[in-house]
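Input: a single structure, listed below in structure tokens.
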Amino acid sequence: MEKILDIYTRMLRIRRFEEQVGVLFSQGQLPGFVHLYVGEEAVGAGVCATLRNDDYIVSTHRGHGHVIAKGGDFNRMMAELFGKATGYCKGKGGSMHIADFSIGMLGACGIVGGGIPMAVGAGLSAKLRGTDQVSVSFFGDGASNEGSFHESVNLAAVQNLPVLFVCENNQYGEFTPMEKVTGVRDIALRAQGYGIPGVIVDGTDALAVYEVAQTAVARARAGEGPTLIEAKTHRKGGHAEGEKAFLAGGVYRSAEELAQMQAKDPIVLLHKRMLEMGVATPNDLEELDQTITQAVVESVAFARRSPDPKPESIYEDMWV
Amino acid sequence: MAKKTYVAAIKDALAEEMRRDSTVFLMGEDVRLGVFAGTRGLHAEFGDARVIDTPISELGVAGAGVGAAVTGLRPIVDLMFGTFLYLALDQIVQQAASARYMFGGQAKAPIVYMVQNGGGISAGAHHSQAVHPIFMNVPLLKVVMPSNAADAKGLLKAAIRDDNPVIFLSPLSLTGSRADIPDGDHFVPLGKGEIKRNGRDVTICAAGAMVQKSLLAAEILAKDGIEVEVIDPRTLKPWDEEMVLESVARTGRFVAVDESKPICGAASEWAATVSEKAFSFLKAAPQRVSGKDVASPFSPILESAVIPSVDEVVAAVKRVM
Amino acid sequence: MEKILDIYTRMLRIRRFEEQVGVLFSQGQLPGFVHLYVGEEAVGAGVCATLRNDDYIVSTHRGHGHVIAKGGDFNRMMAELFGKATGYCKGKGGSMHIADFSIGMLGACGIVGGGIPMAVGAGLSAKLRGTDQVSVSFFGDGASNEGSFHESVNLAAVQNLPVLFVCENNQYGEFTPMEKVTGVRDIALRAQGYGIPGVIVDGTDALAVYEVAQTAVARARAGEGPTLIEAKTHRKGGHAEGEKAFLAGGVYRSAEELAQMQAKDPIVLLHKRMLEMGVATPNDLEELDQTITQAVVESVAFARRSPDPKPESIYEDMWV
Amino acid sequence: MAKKTYVAAIKDALAEEMRRDSTVFLMGEDVRLGVFAGTRGLHAEFGDARVIDTPISELGVAGAGVGAAVTGLRPIVDLMFGTFLYLALDQIVQQAASARYMFGGQAKAPIVYMVQNGGGISAGAHHSQAVHPIFMNVPLLKVVMPSNAADAKGLLKAAIRDDNPVIFLSPLSLTGSRADIPDGDHFVPLGKGEIKRNGRDVTICAAGAMVQKSLLAAEILAKDGIEVEVIDPRTLKPWDEEMVLESVARTGRFVAVDESKPICGAASEWAATVSEKAFSFLKAAPQRVSGKDVASPFSPILESAVIPSVDEVVAAVKRVM
């Protein structure tokens, strides 16, 4: 019960934060690229709700949701997106490189598939140090066609590492539908090529995600090796913010598809379910929403009043 | 003459060459809708067979291009960002560049790898590094980095017609920049530099996005009576060292300006060449202006502190006076 | 019938050539590294017997066998191994870079997995040029753990290319047994991850190899896409020549394993079968052997009397 | 003091550091039996957990090392040949080198990538290229290339103890070379060069396998009365430019000798630095001796024409006299 509320809270925190980021981007207030996680919240939240603080996750270019799901701080995130000195990376990282090592969040990653080997290494590290930490690699359907995916999963398999490979299959890599570039419909099938379990889950159903992740985490902690989880999901927005203007009418998702997708909003679905299950009252959830929204607003204020990094700081954080 | 953006110039070059030669085809991630390099719209004219959306598989795609090139086609492989070439490096160096030589001349590999290079738009560490020195250092590649839309069109056409592997680098920060483009089959030969501004006092060698900055610096310096000659090699390998050496023979002073990192960067090569081959003409120590030797930071304030600035170019020129 | 003799001839040509190379290497007459194909002849021969001259193959570091199977010339090969100007690559290539573009042999490759993308590109080229040529990529079990394998097979699958991926599973990568580093016993299983057929064949049975290759070639020529063939085989010698001295007693294959393997010599097996089937008489085969052996001997003489490359020739074959 | 081979020195360094610090571990292809880098025998002492045979997956293994490094371990990743780093470049540059900086100092990545570098044994194009300029050009890596067994031991120990990512390059042609190795915990700090021969007339900067060739050239030249100072930076990045500049201030003449390719190579960097910072001391144009700008040919005759020779070093020194 509490867990469900916990998961929902993580999801809503992601959603409200991301909505705000979208607005800020459209107003031209944020430099660089921004890829939103809106629509995919159930995956990050469902998985991270099974993790301990000292477990590891490695994320993607679409990484805000993972940071928040793992317990990241709005203020330091927002400040980073504004490129401020108070940001997680002192303005050096930005949207695609947010990390919070204090909560085991080992970084977003601008290189598609680039974070997967790192997650395997964190799992190897846990094994060699004799802890029962687990490591989660989030990546997209598109990333599953990178060599790094293949090498990483195989390495984790043969070393029997405590790693969850979580493929967020939103069915697109940028503007290209996955069936055009991926030889298989279900990425989970690829698990067979490494002799590890492959599981498909409805990525819009947070509780289902939580369940399969729990099983995989238990396996990993028990020293039984990695699992490949494929969460079928969708992104509500474009590949990156500003996409519509950028594509100038170049449409790649049909109206039907978009409508179908809207009907499967993971937050709406869980909200409904919670009321049905009596986990929370509408009032509770409304209050929660307000608290979160307030925190998002404050993070913007925090970011705005934060100092810019000093140009000289380019020479800091180089070598230890 | 028509004023066009860098991206539009690239698209024109691609379309014209694809019309001219049916063995030319294009492949890469999202080339159909087009992310950057001016590939948008080509699919409508050339269809699935010649405008191919590939998986996100830089190594495999780069290598498949080589296989197509050595068997009679002329692939253009769009890999989007220069930093993604790190993933493809093995196939580019060990297959594309080496095939002809290591097989004793049996093969030729007419292939163009096309990417955005360098920083300037807060794209962060993973997308913003200028990678050209790597490709200048490994053997048997040609490397092109046009500094404006007109050169981009002319050089891309030359690259596509060249029978050797070419790395074609569009400076990321120039994507939307405009220039007058000569009408018709505008062609700029590989390996020929251009004097972008004449001057008698100092020679600057600069490429890509640094050309414009050097020209701005030259204007500022002109007010102090310092006349700077700005040379854009345009092709980084093989490069027009004669043009630079001839200029230094006149000016006796040399500044190398490049966005890539300072150690073993393009500026290192230019400065070393000038000091080795035009030493007797030099009146002062050649100076380098390069990107700072750190990963590209996200914050615009930090990123512009990392990329060479007009002020730094001005200061370097003053050091050689 | 004729085909069987053809296949046997290819195999024996490989074997006799390789045996000679082994001797020359042990005498210190050949520079560089040499990896012999002895024991694996049935794979290259069985596959190449299904190909036309204008079909393509791309090979590996263990490439002599593929060149010969595709119809390569002993003299130019041997001269290349000696580093002579008359060699296939004018002495610039050596054992790991022999190519013969005139017979569609697009090169051996010193980089494990490095030739696979090229083979896919040759297949793409055939498709785009509208020919019915096919392209074959040979690679090892170890190579199947490289990202290049994954990216290449997927690319061929989604582009439906006329490519055969032939995994020569000799169960070792250098001195490491495959089960230690490969998540799956049957590489052919990985085909499922790309939605293409995966076939396992006894790689010591040349006729079996020929059959599965024929099916795959027919599919490819008909525009039905790629096939992954896994040929279970073994190498009779070390990973590279000189290995025993090099390893100085570091043993990695058990005596039982070696004995088992010796009993499955593909040439002995086919020899026996041909006699049983009446394809040839012992005398025929003996004559064939002598002819081949003679050609090998001549190739050594040719190589020896060939001129060294001129040092200035380092500046030839650079750019067109 | 004991005379040991380069490979044996590496093994000693690995064993001593693995004994000293239980967070140090080794992984790579066939590290158990050991192909090159002196890893043979370590498995017997340190077991499966600390001597890990990996799949042939350079990119994945290089990246897994980073994940282990940022979570508290000190991996040594043996990738066998320098050219195999092409496959791993993305993880080395974008993760190992960048992690600390792009995450604003949150992480440290104490990792050593260890390979054989360069040519000289007819290993052919795919195995013989000297790759160090690539790693010198990208930011935030340390790059080490010891020229003899003693330095190899001392520098490898320093690399393992360093908290930053280090590329450790053993010149392929020196694998079996022997040197006297000081007893005990022989440690050579990163970033410190060494004058391998004193001389008053010309300064040579050379690294790796080129040090010995430069010393041979110096002996030949001494017969003509030309006294050459040979400096081995040992660490290529960050490098001991002070030592070279100080020497050039005395000799006034400079020759850079490096096995890597001539464009944007190490010799380019050294020559550019000297001409930029010691210009007023220079009595002649600095000269570079580099590998020829082609893929490495197989034939020993051709390969030795590609790699800098003692004769070429002698000739370059004569050019600056």
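The letters A, B, C and D name the chains in turn, as written, and every chain counts its residues from 1.
Heads up, the rule we're going with is that a contact is a pair of C-beta atoms (placed from the backbone, for glycine too) under 8 Å apart; a residue touches a chain by one contact, two chains touch by 3 or more.
From a predicted model like this one, the values you see are computed outputs, not experimental measurements.
Chemist: On the document's contact criterion, could you list the chains that touch chain C and likewise touch chain D?
Modeler: A, B
Chemist: Which one of the chains is farthest from chain B, going by Cα centres?
Modeler: Comparing chain centres, C lies farthest from chain B.
Chemist: What's the distance between the Cα centroids of chain A and chain B, rounded to whole Å?
Modeler: 35
Chemist: Where the centres are mean C-alpha positions, what is the separation of chain B from chain D, in Å?
Modeler: 29
Chemist: Per the centroid of Cα atoms for each chain, what is the distance between chain A and chain D, given in Å?
Modeler: The answer is 40 Å.
Chemist: Rounded to a whole Å, what is the gap between the Cα centroids of chain A and chain C?
Modeler: 45
Chemist: At least two partner chains per residue is the criterion; list those residues in chain A.
Modeler: 89, 91-93, 97, 109-111, 114, 145-148, 150-151, 154, 158, 180-182, 318
Chemist: Hunt down the residues of chain B that sit against at least two other chains at once, touch-wise.
Modeler: Each of 54-55, 57, 59-60, 83, 87, 90, 94, 101-102, 124-126, 140, 294-295, 297-298 in chain B touches at least two other chains.
Chemist: So what shape is it, when you link every pair of chains that touch: line, ring, star, complete or other?
Modeler: Shape = complete; every chain linked to every other.
Chemist: Give every residue of chain C touching chain D within the complex, in rising order.
Modeler: Contacts found on chain C: 31-33, 80, 83-84, 89, 91-97, 109-114, 142-143, 145-147, 173-176, 180-182, 247, 250, 252, 308-309, 311-315, 318.
Chemist: Taking the touch rule as given, give the residues of chain B at its contact with chain C in the complex, in rising order.
Modeler: Touching chain C from chain B are residues 25, 49-50, 52, 54-55, 57, 59-73, 75, 90-91, 94-95, 99-108, 110, 140, 142, 163-164.
Chemist: Chain A touches which residues of chain B in the complex?
Modeler: So the residues of chain B in touch with chain A come to 29-30, 32-35, 40, 53-60, 83-84, 87, 121-127, 292, 294-295, 297-302, 305-306.
Chemist: For chain D, which residues are in contact with chain B within the complex?
Modeler: Residues 59, 83, 86-87, 89-90, 93-94, 97-98, 101-102, 124-126, 129, 133-134, 136-140, 237, 260-261, 263-269, 271-277, 279-280, 282, 284-288, 293-295, 297-298 of chain D touch chain B in their complex.
Chemist: State the interface residues of chain C toward chain A in the complex, per the touch definition above.
Modeler: Against chain A, chain C makes touches at 145-151, 153-154, 157-158, 180-185, 189-190, 192-196.
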